[in-house]
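Labels A, B, C and D are assigned to the chains in the order they are written; within every chain, residues are numbered from 1.
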Amino acid sequence: MIVVMKIGAPEAEVSRLGAEFEELGLSPEKIVGKTKTVIGLVGDTVDLDALQLQEMSPWIEQVLRVEKPYKRVSREYRHGEASEIAVSTPAGVVLFGEGCPIVTVAGPCSVENESMIVETAHRVKAAGAKFLRGGAFKPRTSPYAFQGHGESALGLLDAARQATGLGIITEVMDTADLDIVAAAADVVQVGARNMQNFSLLKKVGAQDKPVLLKRGMSATIEEWLMAAEYILAAGNPNVILCERGIRTFDRQYARNTLDLSVIPVLRSLTHLPIMIDPSHGTGKAEYVPAMAMAAIAAGTDSLMIEVHPNPAKALSDGPQSLTPDRFDRLMQELSVIGKAVDRWEAVPALA
Amino acid sequence: MIVVMKIGAPEAEVSRLGAEFEELGLSPEKIVGKTKTVIGLVGDTVDLDALQLQEMSPWIEQVLRVEKPYKRVSREYRHGEASEIAVSTPAGVVLFGEGCPIVTVAGPCSVENESMIVETAHRVKAAGAKFLRGGAFKPRTSPYAFQGHGESALGLLDAARQATGLGIITEVMDTADLDIVAAAADVVQVGARNMQNFSLLKKVGAQDKPVLLKRGMSATIEEWLMAAEYILAAGNPNVILCERGIRTFDRQYARNTLDLSVIPVLRSLTHLPIMIDPSHGTGKAEYVPAMAMAAIAAGTDSLMIEVHPNPAKALSDGPQSLTPDRFDRLMQELSVIGKAVDRWEAVPALA
Amino acid sequence: MIVVMKIGAPEAEVSRLGAEFEELGLSPEKIVGKTKTVIGLVGDTVDLDALQLQEMSPWIEQVLRVEKPYKRVSREYRHGEASEIAVSTPAGVVLFGEGCPIVTVAGPCSVENESMIVETAHRVKAAGAKFLRGGAFKPRTSPYAFQGHGESALGLLDAARQATGLGIITEVMDTADLDIVAAAADVVQVGARNMQNFSLLKKVGAQDKPVLLKRGMSATIEEWLMAAEYILAAGNPNVILCERGIRTFDRQYARNTLDLSVIPVLRSLTHLPIMIDPSHGTGKAEYVPAMAMAAIAAGTDSLMIEVHPNPAKALSDGPQSLTPDRFDRLMQELSVIGKAVDRWEAVPALA
Amino acid sequence: MIVVMKIGAPEAEVSRLGAEFEELGLSPEKIVGKTKTVIGLVGDTVDLDALQLQEMSPWIEQVLRVEKPYKRVSREYRHGEASEIAVSTPAGVVLFGEGCPIVTVAGPCSVENESMIVETAHRVKAAGAKFLRGGAFKPRTSPYAFQGHGESALGLLDAARQATGLGIITEVMDTADLDIVAAAADVVQVGARNMQNFSLLKKVGAQDKPVLLKRGMSATIEEWLMAAEYILAAGNPNVILCERGIRTFDRQYARNTLDLSVIPVLRSLTHLPIMIDPSHGTGKAEYVPAMAMAAIAAGTDSLMIEVHPNPAKALSDGPQSLTPDRFDRLMQELSVIGKAVDRWEAVPALA
């Protein structure tokens, strides 16, 4: 349920109501929008009467029930207003959201060694990326495949961060590693295979860093939003939803089916920002540019693109990685669409 | 196999070779490209020796084997050059192809009566569409649902064609109806449910009107191209491939999953032009604009969009139809992206 | 809607009611069950009042609304009683149904020549099969693959029928071929790719031979039942539903995913008999026996199994075909399960 | 690679070879089969020459390369022989394997309170089950749904174990809980959503209790076997593979699509025992019996069936749970099929 306050409702009245709701056994959450304040109520609200609640204060404009199974992530919960997620990076705060310029995240699948990660970081930064991606802990289908360099790779990411000012996005696979990953990352990633690892969701929800939640390979949109709800319910409101391709009956040419229709669908269902990963979404470098262009035209807030200095020698995901040169050109191509839809930052960042 | 002729190869030499290939039991097909002529060979080519073929004429530049199971539709078969499909309409020839402006097809799911179809035709024409879509024969899941007005609806489409100069695209469901449908249509549509109705494919391949081949609900890209190959093998080279959403595990919010990654995939595999149908692809009018924008950015050659004067009262597919007013606005929005990628016709046609 | 008559309701009263319903613009259908007679009503029943109908005769026990979108195929339409479909064969009538012994259909994918089809017919007959399957018209993904011998193969099937007394099941792909196929077949098959070829469904519904309706590769159970409803609505009540594997994300080891859970699901939804085709369902001969055993244990009414005298040389579907020897052994194995569930014919037919 | 020793090869020779292989940087694993001993070699075997290895001892019969990406779980790794997994329970050792009687696991989705779990345990034991299932930690789509009673529920499972002698199977969701779950369970379950939680796989592989590995909702068979390989590679050879339904395009009647064809497929690919869970596989109690029957006929080694004293009031998965009475009847029905295929224990256990 949400309680929409009238414009100008005094702070004290909102607090008083919050206290009253707590006495009713609910968990009130204050959401300050651009013009109005909303109090979100989650808990056992089945027996509550909206009309009765409304009478609790003359400053209440409306009491609405959120009919969806996800509450805090629903667009209604913020009374229709999109979230803006502010992420601190050495080069300043970067905003993710419907009204913000498109944020580009780029980098290799895994952190292989210091020179490759620092070199890649410089290149993607120069091309306009705001974040560096790079796996320290890698989920691999085979136990005999390269599993990532683990904790030591986190140190290399930090070196790249210091060298470039880029924010860092890296994946956590195990609740036991959360502390060290969250210490190294500006955004903590939960991968597709762990989208319904509920223990992990609860724990990333109980720490402060923003979370990038990749959609599971065969997760419905509702399951994905429920996974995000786990994180919000645990106290962390800063979740970015990342589509990375779903599994369908055809995998001959593209590794996954990038589901771009999630963009308008999520926009109508949730206030959370949206990221598209065309690299995993297609699995093939040559298809990445077209899908990145399409994602922008469809309204994404952010892109994640794999870039590797030498894709042919990459320890993982080489076939879907762009070279730094191709990424440079791609950013030029993207800027054309980005400007057309008025979502491109006026002056590209300089390294 | 394809035989690439040198630039300037004399017409007579190409004909002579064609005759020789026929004597070898092959079906040679002359394809005149922008700079070179290619002779396509389909048949029992397994035992042919490329080197030996090459010696048949000094004007042969190269003999290449097409490794894919689809031959005539493969990009190699035209030595890498895209097809341009020219469709005659009362208002002139319209070209579909990679190097041409994006062609928009619009109209209602079914032809309901004369005034609605003529009114819609005028509206979509004014907004910039080149073709009117409208079903006379409708494939419906239930035998008790409206099945289309059949032959009489073909007459109404003709009235709309006369009134506006738009080309007509309408579906044929039964080989028995092919003659009357082909007489009324400028492009004959084979629907998703008939994509592997091989009898129908052979028969639309044996007539002259260009064919719009919709992708089957769970057809792989290879199966789709093989279906197109049936049409080309029967003699009709003019096939447009239309993606209209595939069936996946999630149908809660969107009716199908629009697979936009077919755009770069098809581009690399085939020379045939591509159309995207975001109306069937999403099943919901509110998601159509974002997906239409994305399709253009990804490189589609054409769009098919359902427009109905009163979606709430449509006899079929109302929820996915735009009003004429919304379609007007959409065409404005699309022109922004279309111009950004240099695929938008400079001056919209006037009726 | 269905009108359940009381036990002992006079024939004349049932007829009188039928006539009255026709006057109301409905299409009454008399269904004589084991103990009761039911009048099925399809048409515009939305505005009818069940109570008012009930007062039309003291012999009416109950008036019930069929809530499902499929009416005639629903189990309710026969007031819960399963259909028994009687098929004439040279060796006598064979019954398909929940209360009948399991019927086995066997034979090659396609009819290749007279000796192979007659030899196979003798072998499968000796092993206990009641029907011979064999394709004259073959739906093939590639236009360059063997398309079946067509009309001449129908003659060969007839030879095998005469020689063995087996019934014949063969596929019709085109409405134009229906007459000759129906003349040659004891059961006319509509293949998976044509499950939603509605023109074909209407036409097989308008002729007399029983119809085997294969499930489309990605058809939901509801769509499948709606396809059957097309046939019943056109006048032919004799439809057998055949599951032949659906398309899922995994095709590495089995070609399709045989969905055996349709057996209990269909049993609860429809009165029509069920057939399982483990050959197409798995695509691999070695998996066929386990799945055939499972189908019987799950309650199928019938099995379709591909048998070829020399699978390695088959013109189509060799990898999924059993040799006649393996089929002999399989029938022995099946009889063990068949007897355990009391669905195996006491004395196997002798050739 | 596997090194097959001749019959009668002396123990000392096998040990000597093992030591030599270790010196080559390989990880030799001795597998004692019914007649022969095999040495499995995993590691960097690409450059090894089979012929050269063969010359290392006259007692070597054959050296074979395992071509599949999964090594230790492949059937070849045990030279074609199936594993038998012996699980200790208070009532004695229970064997899972191709040559053993079918093992039935039954119980509620979650442990709700002491009386319900103990009562259910007594009932399923009396009907012939060998293991009690019951969730202490529950993966739930919604953060607001009942999450299981956690550690306290493990105590209740122990009470049921003491009271009945049944073995306990319960799920671990978090590496942090593994110690307490492994202490309480006779078999530790990894759920479908965690099938590719590689951190968890490594940790259950590094402890001693047998592991039940459920197939992920959209996991290919190869991915599933690779997940099992993680566990074996970490040192635990005792893995049971449990199919519980996959996600497909149709979820209207059954919650998942139970993929019974995995039984013959897995049988040919791996030596590990197979379990089928028709309760999750269909999601509906009325479909469970037919699918359990089918699973036995197809050759499963084990069944997992949800039983709840009062399904209508279950805190989770009520619709798919059988009552104890229905389970009694089911076990009678299953015994008919089980005896027909000679996989049913002669004398059912008495409580």
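Things to note:
Heads up, the rule we're going with is that a contact is a pair of C-beta atoms (placed from the backbone, for glycine too) under 8 Å apart; a residue touches a chain by one contact, two chains touch by 3 or more.
Here the structure is a predicted model, which is why all the values come from computation and not from measurement.
The interface with the greater number of C-beta contacts, when C-D is set against B-C, is C-D. For chain D, the chain with the farthest CA centroid is B.
Our note on geometry: chain B versus chain C, Cα centroid distance of 36 Å, whole angstroms.
Annotation for chain D: residues touching 2 or more other chains are 218, 247-249. Those residues of chain A lying in contact with chain D across their complex are 42, 69, 71, 139-144, 147, 173-177, 193-194, 196-202, 217-218, 223, 226, 229-230, 233-234, 247. Chain contact summary for the complex, chain C toward chain A: residues 218, 247-249, 251.
Chain B meets chain A in the complex at residues 218, 220-222, 246, 248-250, 252-254, 257-261, 263-265, 267-269, 281-282, 286-287, 289-291, 293-299, 336-337, 339-341.
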